[in-house]
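Please see the structure below; I have some questions.
Order of writing sets the labels: A, B, C and D. Residues in every chain begin at 1.
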Amino acid sequence: MSGNTFGRLFKLTTFGESHGPSLGGIIDGCPAGIALSEDIIQQELDKRKPGQSPAGTTRQEPDTIKLCSGVFEGCTTGTPIGFQIANKAHRSQDYESLREVFRPGHADYTYQFKYGTRDHRGGGRASARETVSRVAGGAVAEQFLRTHNIHVLAYTLELGGIEAERIAPEKACENPYFTPDVSVVELWNQRIQDVKEKGDSIGGIVEIQACNVPVGLGEPVFDKLDARLAYALMGVGAVKAVEIGAGMDTADLCGSQNNDPLSKDGFRQNKAGGILGGISSGQTITARATIKPIPSIFLPQKTLNAKGQEVSLQIKGRHDVSAIPRIVPVLKSMVRLTLADMLLLNLGSKCPSVQNP
Amino acid sequence: MSGNTFGRLFKLTTFGESHGPSLGGIIDGCPAGIALSEDIIQQELDKRKPGQSPAGTTRQEPDTIKLCSGVFEGCTTGTPIGFQIANKAHRSQDYESLREVFRPGHADYTYQFKYGTRDHRGGGRASARETVSRVAGGAVAEQFLRTHNIHVLAYTLELGGIEAERIAPEKACENPYFTPDVSVVELWNQRIQDVKEKGDSIGGIVEIQACNVPVGLGEPVFDKLDARLAYALMGVGAVKAVEIGAGMDTADLCGSQNNDPLSKDGFRQNKAGGILGGISSGQTITARATIKPIPSIFLPQKTLNAKGQEVSLQIKGRHDVSAIPRIVPVLKSMVRLTLADMLLLNLGSKCPSVQNP
Amino acid sequence: MSGNTFGRLFKLTTFGESHGPSLGGIIDGCPAGIALSEDIIQQELDKRKPGQSPAGTTRQEPDTIKLCSGVFEGCTTGTPIGFQIANKAHRSQDYESLREVFRPGHADYTYQFKYGTRDHRGGGRASARETVSRVAGGAVAEQFLRTHNIHVLAYTLELGGIEAERIAPEKACENPYFTPDVSVVELWNQRIQDVKEKGDSIGGIVEIQACNVPVGLGEPVFDKLDARLAYALMGVGAVKAVEIGAGMDTADLCGSQNNDPLSKDGFRQNKAGGILGGISSGQTITARATIKPIPSIFLPQKTLNAKGQEVSLQIKGRHDVSAIPRIVPVLKSMVRLTLADMLLLNLGSKCPSVQNP
Amino acid sequence: MSGNTFGRLFKLTTFGESHGPSLGGIIDGCPAGIALSEDIIQQELDKRKPGQSPAGTTRQEPDTIKLCSGVFEGCTTGTPIGFQIANKAHRSQDYESLREVFRPGHADYTYQFKYGTRDHRGGGRASARETVSRVAGGAVAEQFLRTHNIHVLAYTLELGGIEAERIAPEKACENPYFTPDVSVVELWNQRIQDVKEKGDSIGGIVEIQACNVPVGLGEPVFDKLDARLAYALMGVGAVKAVEIGAGMDTADLCGSQNNDPLSKDGFRQNKAGGILGGISSGQTITARATIKPIPSIFLPQKTLNAKGQEVSLQIKGRHDVSAIPRIVPVLKSMVRLTLADMLLLNLGSKCPSVQNP
């Protein structure tokens, strides 16, 4: 497993299993001189913490960040930033019965065959719990992006088949579902309640916007900004589709509809999602991720055990009904990490003597 | 621009502009002992060549591959495989009028600001012409995948809003649109004709399947197989959305519907698209890409010139009406390159002494 | 600072300053199924601990390893191995006077200009204390190498100008100087005592041997095994020269002397140091590192302060008289990490169907 | 073989065998707006061409550079720079007898076992002929370095045991041996003549200086500037040792002698070779490489053939008597490439708002 580093220059490397001693990571490549403290990161971690919406688990993790290095007198020093989050509330006994069985929709089967072994407790490394390190990394990236006035928003556009409108994206962080449309909260509460009673789970759609991104981020050909965003978002467990700008709708449009005309006042529309030829255009970057229903359901399921026998499985324990809303700060973090990386990569794109038009 | 290498172990690095002397690339990391010749690659290049469907341009490029290194007596030697494709049919004079204007939907504007300069002829490096090197790389990857019995298919599911059925994916390569459903060919011909007469362009949807992929490919956490596929496909110009398995449909499903139950005879369905926890499960890998309408249209468009003045632009020259079908072998190539890379990355996942269950 | 990851597949990323809360790292890419425990790593850390030879500091760090992830029931799981070593015995007040002055031979000056800031306490990230994470990483690499029967030795060949003979390299770990020639111990003790009394410091030469390395490790052209070893060893603070095999002596040899003839019983000599064309030949790999005298001396030195004024500096605190012997396990660790990486990189060098002669 | 890319941001990827159709490479990451032409590169290639000193082969390669992409109207565009050098003067028949035998000191044996196959003609990829691509890459790096006023020198300090003085390093490029001390030319001519008559070969020592390098290049911990230089130089075939600054001499110095004191007028000496803590200090960077005698000698040698039989081998063909002087521009190129890369890597070391003292 050598895929635990994200980024080329602003690099986050993470470790940690759901039921191990701790999770954490190292951020390497963060410029020196950026304000940073445990408090700043903790605020972001708190947005991902369980127990804040009806959709969440009752596992009560404090998720307390501990900075180990890289910060001196309130600022980054340019050296790697090590951080750690202890696992406190794991109840490994809940998982003993899962040692020898492959849960449908989970990574149990594939980990077992890939590695010949696995830490079955709570999904081990495949647990959504690993995303706590992504959020910590994203919080550091955010501090860097702020020095460039870049701002990233994320919000829930759909939950369990019920859509929200983009009414107030910038206020989405104020409600537990991160919805930009508070008129759907009651409907979503009801939907969650119904699904929970059935022992089932649901998914939805999350949108991310990045504002004030300067022209020029993204490295064609293979490292287009949209390609890096797709990689970043699809790498989060539960994401099954990624769209940029008008996304899937562009399949049915004509070029004359889809091209964004340029005027003195900027682009006249933004079907492209702020990216042309893989490079940011100065418009708002827009990406959407489709979230599948989480696989841990309480209904009986048919599956195999490690001996290859067919068994009926009924999962116990504490599980979210939906990866939304807790996945929202995670996806926001991945966009932040991507932009921080692309900002650094762009620094050497042209000689200082070359002038823009 | 330092994003011209794809892959971590099976690596393709490419170069070349639309109107420069040549395009080409280097494949580094291909194992020794694999059968390879110019003929094998040429067959794949011919599938991408223009002039084979009504949707294509009339630019007549022979696209002849020249191998420069890495092959000795019909087999790869383990050393880097250099290759080159000369540009023959470029007519740079067609583009002189575009030197000082930013075509809507194109990368003209973003390249100019990122690099402070650009080769305006035919889109330069941002031209779809760069994909010829991807197809050459994919053809080499395919030779490696064959030694593992892996087979990759790609086919058009939708063009200009008209859908095709997955009737015979394996025969899609036999018709000019790469459709698995020949019943739509006449409709698509008509659609293309209508759009061409209007001077407009259209998009569509392409699906890729990888068969016989063994369990275990994909490197969690950030380098999940689906994340790498999303990166690979979204990095192709014109792609605006990527789905894995049931993709966007999973937003509206319950966990009990979306989980693929396991039985002695294998999985009972494949909503996951052959990937669990970022690792291939042994099922067929399925991915879909949404293709936007190509931005080169012959209708007048409002835009800016390099002096910042608003102008009306009417593009001339030879352009495809749709990136489909020529993009189909390109997307197939990207999946081949991804799988070849993930195969090599997986070699060290466990100690030889560790046994599978 | 984005250079804190070592290796391409067997990857060690480290963090930590001399006087921060802790040091540590993440090992990503270690195959699953390898025996590992805190005890195994602790044994290696103990060899680097101060207070074991007359040349060492009196700072008493327990250097206790804490594994955070990646090991389950005594074996690696293939997931990243996070580890941490707390700083216990730092006395930051010793360094307050160094906040505004650049110590000669140290990285104070260059860090200040590169990052615009620095953690001055104990040298911060530039302290030799960072090597504790290298030794932890090397201990994990060693566990992997053992599954291939590879064994790495390191020993001191020269200290303060006094040479040792290669009498018993395999017993070097049994004495405090890691010398293969116990007859020099008394001379070295005397030399250390003399230098310590003068408040000065000394350097020397360390040799590393890797036995039972199979033919084939090393990736030409740029990633030759010798190039990777030179990179690994020169990246350790205090190393000023790296030699492979006969090293500098080859400048004065003729080809007829330097070529190692092949016979049925193997090579007849080993001037090449076990590497031909950048690839291991099956002979013992031999490398040597020259260690400069450590820059922390107690004699008065002329230097500049942060205001650009010339000052006379007299360093206080607890410092080693020589980086030898504590650097010996560090250099051994770097060779272990290099070989583990090259072993994994070599897995895909040829198709399984290709036979050796 | 996946080690054919050099650099992290300023990246050179190369291909090509001694007797294949051509050699060449791709430079990815070169900033836009830098003056470049085939003539500029050709001048550097001409310095490496055979036939210019008595030590060289009589193989007459024109080594003509052909630029394929990345340059438009005399300047780099930021897109990858593809280039090619055709093989013209190879006489493969000279090598037919070497198909089944392993030449001592060459990579024949190790390539055969690593890859299970090899192109035996002229050493294939292991031929020094691959360095032509390094020189082309170095010439591009030089154009970038010039925009920062950095200048790199290389010169021969020793040949066949006879030393030169550092009298006029900047004039070394004016004589065929690249010696800074023309008083040795006659002695070296004689030495070469003697060795040639015996059918033997010799080595020597080359030194490289980089002037006007700003403070701050180098990425601790593993990517120290000296570590990257050691990697760069040791990766050139025939190099067996690399020293930085005082190098091996530091083993015998005391700290009080080796520390470079700082004064208002800069450093008072340069034992460190311009690098402190892995970061450039603003002093002249100094590195030395020891060159082994080339393994192709005309004397009979004992070795094995592919069947494992002992044979006596007498090499024919055209071979240099020493890798010096042709290796001098190669080593200079590697330092140029390293510095160009480190310059780009350093761009994001600190926030623009952070001030230097």
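Note that in this section a contact is a pair of C-beta atoms (placed from the backbone, for glycine too) under 8 Å apart; a residue touches a chain by one contact, two chains touch by 3 or more.
Since the structure is predicted, the reported quantities are computational estimates derived from the model, not experimental observations.
*Asks:* By the touch rule set out at the top, what is the minimum number of steps from subunit B to subunit C?
*Replies:* The fewest touching-chain steps linking subunit B to subunit C number 1.
*Asks:* Same residues or different residues: which describes how subunit A and subunit B meet, taking over half shared numbers as same?
*Replies:* Since more than half of the residue numbers are used by both chains, the interface counts as same.
*Asks:* Averaging each chain's C-alpha atoms to get its centre, pick out the one most distant from subunit A.
*Replies:* Greatest centre separation from subunit A goes to chain D.
*Asks:* Quick check: how many Å separate the C-alpha centres of subunit B and subunit D?
*Replies:* The separation of the two C-alpha centroids amounts to 38 Å.
*Asks:* So what's the Cα centroid distance for subunit C and subunit D, whole Å?
*Replies:* The answer is 26 Å.
*Asks:* Find every residue in subunit C that makes contact with two or more other chains and list them.
*Replies:* 1-5, 9, 14, 29, 32-33, 78-79, 114-117, 125, 220, 345, 349-351, 354
*Asks:* Provide the residue numbers of subunit B that touch subunit D in the complex, in ascending order.
*Replies:* My answer: residues 1-5, 9-11, 13-17, 20-26, 28-29, 32-33, 66-70, 72, 75, 77-82, 84, 114-119, 124-125.
*Asks:* So in the complex, which bits of subunit B are touching subunit A?
*Replies:* 1-6, 14, 102, 104-107, 109-117, 125-126, 130, 158, 160-161, 195, 198, 200-205, 215-216, 218-224, 226-235, 237, 239-248, 250-264, 268, 272-273, 276-281, 290-297, 299, 301-304, 306-308, 310, 345-346, 349-351, 354-357
*Asks:* If we count contacts the way the header does, which residues on subunit A are in touch with subunit D in the complex?
*Replies:* Going through subunit A, the ones touching subunit D are 9, 29, 31-34, 78-79, 144, 147, 220, 343-345, 347-354.
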